[in-house]
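Sharing a structure here in structure tokens format.
We just call them A, B, C, D and E in the order they show up, numbering each chain from 1.
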Amino acid sequence: MELLIDIVLLAILGIIAVAILWTRHLFVATMLSGAYSLTSAALLVALDAVDVAFTEAAVGAGISTVLMLGTLTLTRRREKATNRRVSIGPLLLVIVTGALLIYGTVDMPAFGDPNAPALLHVVPEYLAGTRDDIQIPNIVTAILASYRGFDTLGETAVIFTAGVGVLLLLGRRREEDEEAGTRRPEREA
Amino acid sequence: MLELILAKYNYWIVIVLMMAGLYVVVARGNLVKKIIGLNVFQTSVFLLYISMGKVAGGTAPILTGKDEVFSNPIPHVLILTAIVVGIATTALGLALVVRIREAYSTIEEDEIDEAESLDMTADLAERRR
Amino acid sequence: MNPSFLLAATLLLPLIGTLFIALTGSRANLREAVTLVTAGLLAVIVYSLLQDVLAGARPAATLVEVVPGLPLALEIEPLGMLFACIASGLWIVNSLYSIGYMRGNHEHKQTRFYMCFAIAIASAMGIAFAGNMFTLFIFYEVLTLSTYPLVAHKETAEARQGARIYLGLLIGTSIGFQMVAIIWTWLAAGTLDFAAGGILRGKVDPAVLPFLLALYMFGIGKAALMPFHRWLPSAMVAPTPVSALLHAVAVVKAGVFTVLKVVVYVFGVDLLAETGASQWLIGVASFTLIAASLVAMTKDNLKARLAYSTISQLSYIVLGAALATSYGVLGGALHIATHALGKITLFMCAGAIYVATHKTEISEMDGLGRRMPFTYGAFLVGALSIIGLPPLAGVWSKWYLAMGAVETGLWAVVAVYMISSLLNVAYLIPVVARGFFKPSAEPVPQSVGAAAAPAAGGLQEAPLLCVLPPCLTAAGCVVLFFYADAVVALLRPLVQ
Amino acid sequence: MRHHLVLRVVSKLLIPFIILYGLYVQFHGDFSPGGGFQAGVIVAAAIILYALIFGTERAKQVFKPQALMVLAPVGVMIFALVGYYAMAMGGAYLDYDWLAGDDTTGQHIGIITVEFGVGLTVTAVMTLIFLAYAGRTHEIDDDDW
Amino acid sequence: MSTLSAALPHLPILQVVVPLISAPICFLLQRAGLAWAFSTLVSWLAFATSVMLLRAVMADGTIHYEIGGWAAPWGIEYVIDAANAIVLVIVSGIGAAVSSYAPRSVLAEIPASQRGLYYTAYLLCLAGLLGVTITGDAFNVFVFLEITSLSSYVLVAAGAGLDRRALTAAYNYLVMGTVGATFFVIGVGLLYMVTGTLNIADLHERVPPLLDNRTVHVAFAFIVVGLGLKLALFPLHTWLPNAYTYAPSTGTAFLAATSTKVSVYVLLRFLFGVFAPTSGLMALTMDYVLLPLAVIGMMAATVAAIYQYNLKRLLAYSSVAQLGYMVLGFAYGSVDGLTAAVLHLFNHALMKGALFLALGCVMLRVGDVTMHGVRGLGRQMPWTMAAFVAGGLSLIGVPLTVGFISKWYLVGAALEDGRWWIAALILASSLLAVIYVWKVVEAAYLREPPAGRTVREAPLSMLVPTWILVLANIWFGVDAELTVSVARTAAMGLLGVAP
């Protein structure tokens, strides 16, 4: 059953990805990208990553879609037609990269392997520590906020940085920027 | 053979998805499309990470008191962080797109290149004056 | 005073002078006074050190340790002492001359000129007294850079082009070859200190010694070994005082001086003699020597002719070093001194002619000798010294060089020296001959030079400050003939 | 979209619940999926919904950009200050054990506080970003789609 | 005083979290003047901290700091040894110089409403760079790398007030930077998959036995390519020239002198601190992929620099070439090579910092940093141009400058290794550098200024920091004992060789 869900969801993702590649309508692509995130979220649930699924749904399907739509109203809806032919260079690059990754999977632990090295090293301590020391049920939260809390501080700083950047870029009225774009630095006499 | 496929199929499909995203980033000239490509690429990487944490027959890593088999929580934590980084990048990228559109009246790479080479000639002409 | 302090002072003094020249830049007289005072003081210090060295002392000073094992260190040994004496002594004469020339020609940016000149002298001192190859290399580069503005002084397209070639070749060879050679030496020998008998014995496979030597010899672009000689004619776009002091004395002599240092203190004469690593160099130097003389004959521009003559003369010294015999080295070292005196005289005369008449081509100088007897007289003395006729100093160095060739039994080299001397006659004497014996092309000479006035008797000399210095150096050629012994005595420890 | 009565009524009803849900996710993150980040996004989504339905100008009156611009850095500072506080108490940076007398309580306090900081920053930044985009253009009309 | 001594054991974390918490404070300050004063103060504090850390490391060896009190590998730890201590010093030192220099330049180049945000982004960038450098955790590298990257995009985009091309430059930088970061994350994920740890020291124990594992090979490839994108390793450098050209002067100076250096350091750390390839496929990759790329990049970028008209772009291409030197140094895989790489990392930051700051002065007064703009500036702005020439000489590698020390060690390492052709190419490239530096020198000193242009020398507030860096170029060129010994300790630490 798990396997079936897994495969169906992956297939849907594949179809969406191809559709994104194919469509020339940016609005459609944006919506498809949202759908992609939502389907991913479903798959993440199937993979036991409920926290991540939750976030991916909220961010990928929610906020980032809204931002893209906002961008589209400010720019335009359609991609230029000429850009659609298959370009050899990028294709080659992608094939090589993909082949490399697949080559790397050969020595990977099998999917779902309960004895994968990653499960044996640090994880057991986290499980025990969360149960005994921190005493909260959600292990992900325990790691996120305490064991690896510093990463999360960094993550908050990343979000803050994005806010600073967007404010710097879009914080002012458009006319001010247009006026500014043409000037040279004021020469101090 | 079947065993190999069963053991790795998830990774392989995810890798193909990743590459589809990367292809959009590299090959497409539309700036919004590139960002969408980046999103697909990154989302697929998230899937790869989470896939490697999956334990067959495991459950979500939330303690319920029973002795259960949990999937590996570390990739979940890492990917939570990565998602945040991803949305931050997307927001900033899109803000740049908006400004580029305002400055160049286009979001197609080739048209921007054209405009920039015009800029270059204008610069030179100004200095000749 | 403490010799180490004096040693450091030889470097610092010109630099302090530079500072004061910059500060007094707006008042020309004061500025020139600073230059002269600095030059005078420097000469005093150098000569007081000379006494110590003659007495057998070897003052040393370490300025700073750049990297462990690689200090910026100064140490005096006879060869360097000789070079320092020449450079500092002639700086005084040249400063006088510069004042006459620069004012006579109304050159622009004179402050920059004097500043760069002083820095160049400081670096020449650094080269002379360098205690190891690393220090020498550093000052070698500083000398290149500080003379660049002097070469480009006129700021015309031609000057920029000439200066580009100058800088390109000198920096190119020094970084491209010399630095590699130095690093290689350092890796092999573990030290770069100059030591009697060399530091490479047993450290480098004799089979690759010629290659290492080649890196050094071509890396020392200032020695103008063909095919890296082009910078020297290019540098002739500079004002003549620059050509006179730097491109007849300080810069080029820094080159051949480095060649001698490398041969004597890095490789060791014996090592070269034993392994024959310098055999190839004899050929290259001989070729340069003859070829440059031949080219010199074809040049109508006086400074260009002198430049090629310099290239040829530098190869005398390189050839002497390549012979790897004590006479060869001694002769080479002596030639640094004798050629310096001779060539600076010639250049200063060329400059005096330019100031007085604005003529640069030999074919236009017919009959000038009668109107500029002092200038032409000095020129004749300098030329004869370079040709190597007694009673002028040039004869001694050629004598020792030839002795070196005889010592090794290389009669072909002796022949090269002889032929070259004949060629010297062929390209130098016509200049004087045309000046004295050909009728002047223009019947009524109009004065162009500032102080020149067609006085009674048809005299039309350049300003006094332009004429006096070459006469002084010409006299020096005579004096050195009689006192060559003292120089040889100074150099003696070099070959013992 | 101001003329869509149904939308307006429904969303007016929904928005408080969305925010409430956000708060639940925020403070229940220890026990169930969720935490500061998810909560922040949800609350921001509610505000964005409000802005879409009632217009950015009105949204700006309710959720003042000036206030958001204070909240965004304050969230980061709350997180960082927890670290400093632990340090001042004698522990390592972000060592929650030192926040209270007993380690477990300290951990709980620490986790809840930092998650709150994260939530604050995320809400504020997401809303600010949206408002910045929206402030760049005229109101979004139906015809635009 | 007692608070100070109490803070001492916490210096490693304070190094990062002080700038990090200062960014939101700076954001709240709003007013540009205040934001500047505050960010400058913080930069100097960070500099002081890093100097203290370097001294402590050189005296007592590696320092560990466990964040959150969780022991590694469960928590995130900070590990400071000579290799990253020197990078910390250079990052915070350049930060201090650039931020002291900033106010006049920012006033002229950045619109009023953006100045406070600009300083905030700068502080975030500083915190990010320091965090990347100091951390001992592979994923933490990613998080702070992204703080750095996002704030760098912002710093570049802030140049849009002068030239719209800053926007596209920032966009391209963003796309390539994100791809790079994602590649890095893939690599780290693969490593995690086969080892179960994210701690670099722990990885160092667990990876080497797996050197034949194909997953590790792929992880290696992805990490190298990902970081290669970030550090602008040829041919992944295409984002760099435009980003450096159109960013504001202060942004360019800071980024050029620090951000790619930090990426180089991270690559160094991963290559030697995690994979430690002495043989096998990865060692071959270093020899036959990394080394040739570095050499080609060095030559190609130098040649490209010669043809540039815009001086910022010229220096940007020169940076790509210089990055080639650094990669070369560590591609040898020897102590000497690594010493040279670390040394050049430090020295190059000083050179580029000085050069870009000098250009900032030109931008302020002339508003044009092209060959045309600097014409005749030798007399009109003597101090600025003298600083530029000094930096240029350092770039060429003239003795008594840091560039010479770098070149000395790079060539020495190549010769020691018996790689003659590489030594020859390094020298050839530095000779080509003479050409592009001299084009500027000729324009500034041997040509007349454009008719009717009169400009004054740059203000002291900008000249002083510029000259501090110039003097540092000379100081560490004359007395390289400190830098060389630190670099050597760093190299031996990275290679795990006992001193």
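Rule of thumb we're sticking to: contacts are C-beta pairs under 8 Å (C-beta built on N, C-alpha and C of every residue); 3 or more make two chains touch, one makes a residue touch a chain.
Labels paired with UniProt names: A, C, D, E = Cation:proton antiporter; B = Na+/H+ antiporter subunit C.
Here the structure is a predicted model, which means the values were calculated and not measured.
Note on connectivity: the fewest chain-to-chain touch steps from chain C (Cation:proton antiporter) to chain D (Cation:proton antiporter) number 2. Steps from chain B (Na+/H+ antiporter subunit C) to chain D (Cation:proton antiporter), taking the shortest chain of touch contacts, total 1.
Inter-chain contacts peak for the pair A-B. With centres computed as the average of Cα coordinates, no chain lies farther from chain A (Cation:proton antiporter) than C. With centres computed as the average of Cα coordinates, no chain lies farther from chain E (Cation:proton antiporter) than C. Inter-chain spacing, taken between the CA centroids of chain A (Cation:proton antiporter) and chain C (Cation:proton antiporter), is 71 Å. For the pair chain C (Cation:proton antiporter) and chain E (Cation:proton antiporter), the distance between mean C-alpha positions equals 44 Å. Centres computed as Cα averages put chain B (Na+/H+ antiporter subunit C) at a distance of 67 Å from chain C (Cation:proton antiporter).
Mean C-alpha position of chain D (Cation:proton antiporter) lies 35 Å from that of chain E (Cation:proton antiporter). Shared contact sites, meaning residues of chain A (Cation:proton antiporter) that touch two or more other chains, fall at 50-51, 55, 59, 63, 67, 70-71, 74, 101, 105, 108-109, 116, 118-119, 122-123, 126, 136-138, 140, 144, 146, 148-155, 157-162, 165-167, 169-171, 174, 177, 181.
Looking at chain C (Cation:proton antiporter), one finds that none of its residues touch two or more other chains. Residue positions 22, 35, 52, 60, 62, 74-75, 78, 80-81, 84-85, 88-89, 91-92, 94-99, 103 of chain B (Na+/H+ antiporter subunit C) are each in touch with at least two other chains.
Under the touch rule stated earlier, the contacting chain pairs are A-B, A-D, A-E, B-D, B-E, C-E, D-E.
Touching chain E (Cation:proton antiporter) in their complex are the following residues of chain C (Cation:proton antiporter): 64-68, 72, 137-138, 141-142, 145, 149, 152, 155, 159-160, 164, 167-168, 171-172, 175-176, 179-180, 183-184, 186-187.
Chain E (Cation:proton antiporter) contributes residues 17, 20, 23-24, 27, 67-68, 70, 73-76, 104, 108-109, 111, 113-114, 117-118, 120-121, 124, 127-128, 131, 139-140, 143-144, 146-147, 150-151, 153-154, 157-158, 160-164, 186, 190, 192-197, 213-219, 221, 363-368, 455-456 to its touches with chain A (Cation:proton antiporter) in the complex. Residue ranges of chain A (Cation:proton antiporter) in contact with chain B (Na+/H+ antiporter subunit C), taken from their complex: 2, 6-7, 10, 13-14, 17-18, 20-21, 26, 29-30, 33, 36-37, 40, 43-44, 47-52, 55-56, 59-60, 63-64, 67-68, 70-72, 74-76, 79-80, 82-83, 86-87, 89-91, 93-95, 97-98, 101-102, 105, 108-114, 116, 118-119, 122-123, 126-127, 130-131, 136-140, 143-144, 148, 151-152, 154-155, 158-159, 161-162, 165-166, 169-170, 174, 177-178, 181.
Listing the residues of chain D (Cation:proton antiporter) that touch chain B (Na+/H+ antiporter subunit C) in their complex gives 31-33, 37, 122, 129, 132-133, 136.
Considering their complex, residues 393, 396-400, 404-405, 407-408, 411-412, 415-416, 423-424, 427-428, 430-431, 434-435, 438, 442, 445-447, 477-481, 484-485 of chain E (Cation:proton antiporter) touch chain C (Cation:proton antiporter).
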